[in-house]
């Protein structure tokens, strides 16, 4: 059974600050953030250049990765969901993956100690 | 062609170039999702204002027979000889950039449709009368007739007419418009500081034409041109150095944004005084402006108005600094004039200083009130503010259906 | 030094600055993988053309004894006095930017080696004769001798000689070169609109020198300079506002790209007319150009030619608009001239309009045919088109072994 | 106002604009984590140097009674008439950009505090004397009195005084400062080549003022202005084409960075010669400089000094090329002068060439030694180099608490 | 047994449009896209700045993440592979990971319903 | 049991060159790199704009993904850790995930052959 899990969340960019604050509050010590683009039900938008209209399906999103001790994944997902929710379409997804293990590069610590 | 004509032709191009420069200066400071909106707010001013200016603005602000507003003698460029036409083109660039200055304050949240209507109305209702008050000429005698100019206040290139005027209008606008979502808690750092530096470079370059270009009118006066240029140069340099020193002491770092801000602060302050002071006075104007503007900017957090890019702190305050310092540094030996054109440090009494203060207060009050009312009316009719969702998305996409920067995936 | 000399010195610098400005204007519009290629296509023109110009171009396009091509009297700058040397330098900037205009059409797919050869050949075979046709002087009498100029068509600063000429050459090039992979299905949005705005600002600034700089030659004429400047200014403003209105109605948004495009369209249209029209005519030129160029651009989707950045729609069409409107708005009171220099609205007959049309058609036909043949020859020899893989990779990496933007990881 | 006055007013603005241009030229070449530091190093020079220049620099470098250093007659702008004031403002822009040139060599690792002190000290200890040596006038007679100028060496706009001087000072600085971490193994490609092109465009534009602006002083000489302009133009073009050809042969590609570098190399080389050569000589200066500078740059890998952005290879070497070629191409028919002002190709003997070499060697030696000592002193006191951690983090964040580019997440 | 899986694909940037279209066709309702750089057999390219040649090993790629019901992962991978294939070296990889679960932030729905 | 695993590492940007070299040395044929931002013990930094100070918590990091045959994951993690370690706080994390499978788009090869 995996001792650590990865919580991956796709959220709206302007909610990142709130999510970060909520995670800090929840005692999470670290996370990794990527600027991504999402395609989904939210739909994209139209851009127009010199009269030519383009449908742009990809909208800016932020991908958050947090590695946590297995037991906490669900709680952390709750925390993220709570902070990222605006109630409008496109709020994003959260998923959880089992990890085989994690280590801290600096010290070589493993498992939950590495977090 | 006189040398003066050549100089005014070039100066017109230089001041025209300032508006795109201002667009980039401001555009670099906003977040990347709102940069196009900022660019367009500025560029639009050099689109709509010239059309207004040649039809009525130039005439109404030029000459007349009373102290408050000019006449219709030159509407539609009527009856202008070559040299008046050149002067009209030169002054048109000033008319265009003045409302553009305001855009920095309302960044990130103003509906473009409201801006599109605001700009010509504000120019007509606020800018045109104020310019007439300060520079308006008697259509018979050619003497100053605008009530502020006639009283004796000095404003060479538009410290009061342009910077104080636009600065306080910016304040009125943001009072009506309200704060950006997230301000001041959320950090909204500049998205592209090299653009800010570029804009600063263009502004500085153009400001030589802005402040010294007028010395080419009517044949031109080379010595006065040299003085105006030197003053402008020194004030910009001193503004930069002063700002860098203040921020080094207060915040611990020399910054690019600080250096650029100091340049603009110094340039604003010397604008009214460019041809009225001499020697090393430009350094004093720049240094005082650098310190005062830096300090003034901090007020917005205390007073709670969200002047996004510090139009009030830099243009209103910098303009006041320059206008007041004229009361101390004006030297009638430079441009010629009587004892009433001398500042306290150059043998004059307090009269000039008093006139400067009257002029400043009059423009502050008039511009604030009219702008405030105009903003309220626009808010009630068109609506000043974009929907909250659009503000979060960013105005470029929401208002303009464009994106500033497209990566490899932009087309998907 | 006369004021006129000073003005031409500066105007030369201003027009020189337009080519980097054009590079940025176009460069911001292409995708990020092709921006360096675009920049280099433009910059190269101010490298190679001056060398060609001083050796033979200026002489062949300057004066001669027949209506078709000039002589060799001034090759290698031979026998030029100071004022002719100044004029040669000024006109050199026009020669340089003309082929650069074409680069926008062939964006994203042309081999740079082909461009490197095309530019001087096209300049020699197309630009030089066309300039002579319009501006060529009799080496004896100094009168207009080029067959179009002598017939009486008017082109003050290069509407026909430069914009129509380059615009139709762009059309010929893209007909031979073919469409970009993915066009028109795939969206290819501009990668950096602030660069486009910056380029627009530089172009506008420089265009004051482009259109009014000639009024400084031979001592200079200040009133004419003022008129040319004012016309240029108003056309740019009106072009912007017209384009913004059209796109607001048609597409629902005011855009930065639209505003910038409108500015350039207005500037193109006023170019041939800058010193031939007066009053508010500049507004008409700009407004008509804004509407016509917007509409013309849409044709490429219907007709199926991939003019990447709308050189045909803006420069060819804008140039035609300006050239034709001269037939209506020309006012011989501005620059002096006889009844044959008057447009329909100013007491003239249809002769001028007819000459304008003849001149336009002649340049359209000549430039298209020669450019088409030249393109075919280059395609058969050097090859015009990059391999498909290079087009997908992007020309910056494939052709120039460079990348425009390097992030933190650029060196790994 | 004379035409010459107008030209100098504009040229002052143009040369002022070059420093932000240089900032962008250099700024685009560094890695994105150090761009603000580069911009500020440059901008700071137009902040601090004018303050130094008007207080003492202009006086000490202007006129005096010995061959080594000027006097205090004009400190604080004392006793300057309008035309001297204009000249002082014009020359102030040269004083400002000279130390800015050095910044390219020390990129990515110099403490800003050290730079802040270095710039005024270097200007006072190296730039001011060297300028006096070459251009210093006898305060009584107005004749050249600086020991190099009096001997007869020629340097029209600052090839030796500015480019060689700054170039060799850059070498001294990097010798003391040491290599960047990772150099030369690690690739450090330019982070923003469009900025480099923009900077090049601004520099080229401004350089017309730099090289030809002086022809407007004292009433102005239009023919000389035309010659200086044409030479400058051709050298830039030829420099670009030469560099492109060399790199095509050696490296297999035409590059944007190469084209821009060639432009600057050509401009540097023609600087000392702008008003001393005629005909097509500008092409020779540019072409030789393009080839020599390209080659010289490769030396740094062999000799192991880390001149980050090739200030030595472009400015020192380009300046030497120009200074030496004067000995061959100088034509006393251009500006007037005796047989001692003629180069080998124009009837002169080897005297001029000899004087050119003496002048170059003198400046190379003096500037290197004084700069080296100054650098050592600053290193021992303030410390020249940022901590290794700051170098890895990047100077923008570490030294200036700013970031150049902020994406959507910049504020979190 | 996991009810949802994540399909991760690394593809050439100019194939993203085709992949997106193919996924839409296949009924996929959402995906997340990241601009990445890849090192692989394809090799990099040479850049040259003022005569100095640099070998750049990392080439631009696009990373596509699609969370799908477990049964569909292989089919979706086929769809992506079909659309992204050019037959030339550097076309990229696709891999599949089991997830512990997924939820939709807006509604709190879980598992396949969240997609 | 999974035959391939994914090693994910978050490292300091300026160590990427070293990590790439070390992986090449170790015989790894490919990897995928993303520019990300990290929040962790390292803490962020302060930025100041016109006198207003902001705490920026996210610092630039690089995310490296390497898909390897299962047996090699630990060794590869060692290689990365060795190359990325500076001994100072913020050196980053490495974690390992089991994959259901991997394929090469160009050839359709699967499993370790796809690498």
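By letter and in written order, the chains are A, B, C, D, E and F; residue numbering begins at 1 in each of them.
Here, contacts are C-beta pairs under 8 Å (C-beta built on N, C-alpha and C of every residue); 3 or more make two chains touch, one makes a residue touch a chain.
Everything numeric in this text was worked out from a predicted model, so none of it was measured.
J.: Provide the labels of all chains in contact with chain C and in contact with chain E.
T.: Of all the chains present, those in contact with both chain C and chain E are A, B, D, F.
J.: So using the touch definition from the top, which pair is joined by more C-beta contacts, A-D or A-B?
T.: Spelling it out, more C-beta pairs touch across A-B than across the other pair.
J.: Interface overlap for chain B and chain C, more than half of numbers shared or less than half: same or different?
T.: Both copies touch with mostly different residues.
J.: From the C-alpha centre of chain E to that of chain F, how far is it in Å?
T.: Going by mean C-alpha positions, chain E sits 17 Å from chain F.
J.: Quick one: chain D and chain F, Cα centre-to-centre, how many Å?
T.: Each chain reduced to its C-alpha mean, chain D and chain F end up 45 Å apart.
J.: Using mean CA coordinates as chain centres, what's the chain C-chain F distance in Å?
T.: So the centre of chain C lies 51 Å away from the centre of chain F.
J.: Going by the contact rule already set, what residues in chain F reach two or more other chains?
T.: Residue numbers touching two or more other chains: 17, 20, 33-35, 37, 47-49, 54, 56-58, 88, 97-98.
J.: Out of chain B, which residues touch more than one other chain, so two or more?
T.: Residues 1-4, 6-7, 10, 14, 186-187, 189-190, 192, 198, 202, 251-253, 255, 257, 401-403, 407-412 of chain B touch two or more partner chains.
J.: Line, ring, star, complete or other: which one describes how these chains touch?
T.: Shape = complete; every chain linked to every other.
J.: Residues of chain A touching chain C in their complex?
T.: 47-56
J.: What does chain B use to touch chain A in their complex?
T.: Interface residues on chain B, with respect to chain A: 186, 389, 392, 397, 401-403, 409-412.
J.: Can you check the complex and tell me which residues of chain B touch chain D?
T.: Residues 1-4, 6-7, 10, 14, 31-33, 186-194, 197-198, 200-202, 204-205, 208-209, 212, 215-216, 219-227, 229-230, 233-234, 236-238, 240-241, 244, 251-257, 259-260, 262-263, 279-280, 283 of chain B touch chain D in their complex.
J.: For a test of understanding, state which residues of chain F touch chain D in their complex under the given definition.
T.: 12, 14, 17, 37, 45-49, 54, 56-58, 88
J.: Would you mind writing out the residues of chain A in touch with chain F in their complex?
T.: Spelled out, the residues of chain A in touch with chain F are 4, 6, 20, 29-34, 67, 97-106, 108, 114-115.
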